[in-house]
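In the two complexes below, subunit A is the common chain; its partner is subunit B in one and subunit C in the other.
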Partner chain A sequence: MDITQFEGPHAPVPPAPEVIELTPELARKRRGQFRIITDRFLRNRVAVAGFVILVIVTLLALLAPVIEPVRGQFDPATTPNFAIALQGPSLAHPFGTDNVGRDELARWLYGARVSLQVGLFAMLASIFLGVTVGALAGFYGGWIDSILMRIVDALLAIPLYLILFLLSATFFSRGTTLGLVLLIAAFSWLYTARVVRSEFVAQKEREFLLATRTLGAGDLRLILRHIIPNAIGPIVVSATLLVGINIITESTLSFFGFGLQPPASSWGVLLADSESYFTQQPMLVWAPGLGILLTVLAFNLMGDGLRDALDPQMTER
Partner chain B sequence: MPKLLEVRDLKTQFRTREGPIQAVNGISFTIDEGEAVGIVGESGSGKSVTALSILRLLPMPPAQIVDGAVLFQDQDLVDLHEAEMRRIRGGKISMIFQDPISSLNPVMRIQDQITETLQLHLGLSKVEAIARVRSLLEAVGIPDAERRMRGYPHQFSGGMRQRVMIAIAIATNPKLLIADEPTTALDVTIQAQILELLARLRRDLNTSLILITHDLGVVAGVTDRILVMYAGHIAERAPTEEIFDNPRHPYTLGLLGAVPRLDAEQGSDLVTIPGSPPDLLHPPAGCPFQPRCPFKIDKCATYPPDLKVGRDHYSACWVDVTNPKEQQRAMQKGFIPLRPVGGTLAGEFSAGDA
Partner chain C sequence: MGRYIIRRLAQAALMLFLLSIALFLLLYLIPGGPQAVLFNPRLDGAARAALAEKYGLNQPLPLQYVSYMQHLFQGNLDSFNTGRPVLLEIGDRLPYTLQLFALSLIFAVILALLLGVISAIRQYSITDYAATIVAYFGIAMPIFFTALVLQYLFGVILQSFFVTVTGSPWPVFGISSPNADTYTPLQLIADRLQHLVLPTIALSLLFVASWSRYLRSSMLDTVKQDYVRTARAKGLSSRVVFFRHALRNALIPFVTVVAIDFAGFAGGAVITETVFGLPGIGKLFFDSLGARDYPVLLTLLLFAATMVVFFNLLADLLYGVLDPRISYS
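Right after this comes the complex of A and B.
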């Protein structure tokens, strides 16, 4: 049977355990660490819903170049066709058409690609930066900690969108996806660094790290092989939340014209393009707006689910 | 036998806002190859700090080795380069900790934690290292090693985890094994098994052993010699039987007297050493035990030298505690003489005088 450990202050009083002999058959039924976490995640319906939404959106984004030719359109995302401008939803154009007659669904699908790309890659970059800075600060403490964390504080004190608009308009190559990714990552690693630092501060006094040191392990090994795996829960959670945050940041930048430049599309660009036509064709705003809302919500729900599933206080339940 | 480790006048401090705390205050001892030495003392006496000073694993700052030398195979570990120190740790000197529950990484498989040290020190590949894990686990008495090595620490009981810790510690066949209260967190029945395992492995591998404990019963069966520590000093050091049969330091007498005994009179109180260990921020001048010592004399205001009182037996005390006159004087201050367990004890005295 599963070894059920009741640890921690929230633990209920354990019922008298049934004694069952560990037969080979039962041993096979024992779940590995990964199975335990997956099982726990799958039991959280809301988180699974978030996961399903993400899978659908991701598939749509990935398959955009495949779907579009099937629907018989020739580059509908960029080719204006004034004859059909501002049409309502129809079979040919499920999301309608925009003010220059481009198929809104096609633009939405390509927009999803950009939004997800920016969200994911900016997340990867900021996780890398945030974990590095947080690990160094938390592990070494002292003046390294002070300097790094004061830098974080200082960057957090700057009004985010002001600096993003400014940098986007001046230094960064405007309108490229890579430029946006780097720009967003440059300011979204700060909370990750804080989370990772506090996790390291809590972890570094743990006895097994001293035990590992007595084996002759160096700092790098301790950080990479021992502390980060123990801190993976908060890191994964902040990664999922970051994707959502990054998508919103990208949309905001694009909405105000500091992000991706038309005719390229992202959900933020779609919103910006359609705001003037909201009264005539509400679908033009609803489609990208709901896209952002649902995707970000899905990432947050999944983040919550992962947080619970990865909680080390809960063992094989 | 050739000398393996010599600690010479080691002084370790902790710097605090209020001033330095003298955790280890000028201790000297040697350990021969293959010898087992027990370090005994109550909490805060500097036992663990001594061990961690040898391995230079104290957080520095606030800790600092201010004086002394730790000669290991004629190499001074105190000013060894950190990279070389890392080769010593786990390679030549291994350590086992008190709490096996928290000494293993909870998210790593047992086999990976053992192969880590093999890869670090013996330069084995992952595959070669894993091949050795099984025989190591079998050597420390873990049944069904082949299957269990793929498990995680939470699937092991406390005693089994301590066995895993021991397997990790002996994986590289170190010259010296330091066990810091290895049985304190375990059930009494398991304690004996672990001690027996340590004793057997030491013989088989010809490893020297430092066994740190506050429990005199733990060291009795395993060690060749005992160092009794108090407030950062070594109060007494002698072969194990000598400590039990012929203790010469008042503190050792107190420790031995405080061991609960089955043959004690019913209803009698447990014996304690009155007072508490000194505040190491402001240690008393002279002998640190004098505020609690029933044998105290004026001379105790200066720290006594290591007086040779027998073969390989040293005691840092001005007073001859075996002298009946001194004992009588001490009894007026509450000293309860030790009752014999068989042989003659220093505290043996006619019961009517108490």
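Right after this comes the complex of A and C.
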């Protein structure tokens, strides 16, 4: 018996797809996902501007120990010179000098190091916390989800600055960079956790995960190798925005005297030191203030650019 | 509806109860807690025991918590620092904070609505670009820096442009003029408002910036929806479509964002008050921090958390008004 007679009306057999030989030229043109995202990001001029600002600020911060010996201004914290206190901007001191005669540019450069460090490390810690909590809540659901998310809700109900001022005034009164990083991270992971949780809830019912699980993958493998890579867009975006937020938080704490303690200094410490000299030497306030403003602005512009570049819904124009 | 409200209130009460225990333990257990403040190293054993007895610090922690709560609700919880009831201390400061808070909230919501709507109607216009730039800068400025810049701007650079109704320079610090006791009631109100102008701008800027951006993008999302096209196709004027159909739906996420930012707004108020030297809750908070006045600090935290929870609940109920599709059950 001919087996074909049971197959109903025959659809025309589609012609075999024409095999295109992968020439080196074509391989060059073929764009991986990374290239597509990079191209999309680079076409966004505002986001690129943010990126350039960040590269410049980071380089200045990294090179501070190289720049300063050349300029003849060594460690900004230990070289007070009252003879030249509160000078305006000049060639020798482009940002002027502070109330004890320290070169403001040197302090600005070293302050940039600390501000960026605190922003970045607190971001890493809070992304770790936020992704872990969000992943557990979103993946397992049920009572784990309820408990974790109620904790997030409760922490969000406390005004951030009140609890930060309080804890740094009591427990973290040492004013070390590490203490400050941990303190800021302890209260800045909440939104990341919410974002990651909703990504997990959206992803976990998809077929490819069922398939992977059928193949024997365990929970940890599913979370780390399959869901997180699919949720990397929102995580990267909130990480970028978090650095800016953390820099603002650090500067606010330091400005009110609850952050870093001298001789450690960040842009926030510079602002606290020079606040009362605003009318005498405005540059002392403008330099660290605009440093914070520009850096945070750059992180925000880059974060928005990444959001657009990473969004698969955005069609290429 | 009534059942929904009751359930939400019960949930909120439970959360605040647990939060109060957590905050109590946090404050009373961490190094530098009440014991460290009251037990001056120079005190001898008898004096320590007397102090511990007076403030109930020799009791087990759960009992201390119960007695804290008891005293708080009976209104006779005393401040370590002044010995006055905590509620009186807060009550003295509250009017100043409420004035700043209410003015800033109203100002920020109205301005954010205006800017958001205009930016969405005239997308890519000069107004839209200007609003975008201002918003990006507003979001990137720490509130205390905005406050400093405003003080500098009005107190130094624009000193000759802005004068008060009495002809004196524009106030950049404090809550009233030095000779306010000679003012008539009307002058007093004007004087107070003039002192609150800069703090209001400083506190609002960040929130005007982020809320107007948010409204703009949710407006642009709703304008693309099919029901908006249907409404246009029915022949409704674009004004009616925009305000009755698009804006009303865009307002739902807007309300959420305003409610979520409530805690941030409260924190910002503390910062603004401190920079501008207003004698409100923020000043009480910083004074109590300096004196390690734990009863006041704990009460302030719980008060703030209660307000945040209350406003989030209010926002949830507002959804029902804005969006009839949402039913509470």
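In this section, the second predicted complex is superposed on the first by the 284 of 317 C-alpha atoms of A that agree within 3 Å, B and C clash if a C-alpha of one lies under 4 Å from a C-alpha of the other, contacts with A are read in each partner's own complex, and residues count from 1 in each chain.
Heads up, the rule we're going with is that a residue touches a chain if its C-beta (ideal position, glycine included) is under 8 Å from a C-beta of that chain, and two chains touch if they have at least 3 such contacts.
All values reported here derive from a predicted model rather than from experimental measurement.
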Clash or fit (per the criteria above) of subunit B with subunit C on subunit A: fit
Compare subunit B and subunit C by how many residues of subunit A each one touches, and report the one with more. C
With both complexes overlaid on chain A, does A:41 touch subunit B (first), subunit C (second), both or neither? neither
For A:156, is the partner it touches subunit B (first), subunit C (second), both, or none of the two (neither)? second
Which holds for A:212: it touches subunit B only (first), subunit C only (second), both, or neither? first
On the A-aligned overlay, A:277 touches which partner chain: subunit B = first, subunit C = second, or both, or neither? neither
Can A:140 be said to touch subunit B (first), subunit C (second), both, or neither? neither
Applying the touch criterion given at the start, work out whether A:230 contacts subunit B, subunit C, both or neither, answering first, second, both or neither. first
Subunit B versus subunit C as contact partner of A:170, first or second or both or neither: second
First (subunit B), second (subunit C), both or neither: which does A:300 touch? second
In the superposition described above, what is the shortest C-alpha distance between subunit B and subunit C in Å? Please give a whole number. 15
Residue ranges of subunit A touching subunit C (in the complex, touch as defined): 150, 153-154, 156-163, 165-167, 169-171, 173, 244, 248, 251-252, 255-256, 271, 275, 278-279, 282, 285, 289, 292-294, 296-297, 300-301
Which bits of subunit C are touching subunit A when the two form their complex? 15-16, 18-19, 22-23, 26-27, 30-33, 136-137, 139-145, 148-149, 151-152, 155-156, 260, 263-264, 266-268, 270-271, 274, 285-286, 289, 292, 297, 300-301, 304-305, 308-309, 312
Could you pull out which subunit B residues touch subunit A in their complex? 55, 57, 86-91, 94-95, 97, 99, 102-108, 116-117, 120-121, 147, 152, 154-155, 165, 168
Counting only contacts in the complex, subunit A reaches subunit B at residues 3, 5, 27, 33, 206-208, 210-218, 225-226, 229-230, 232, 312, 315
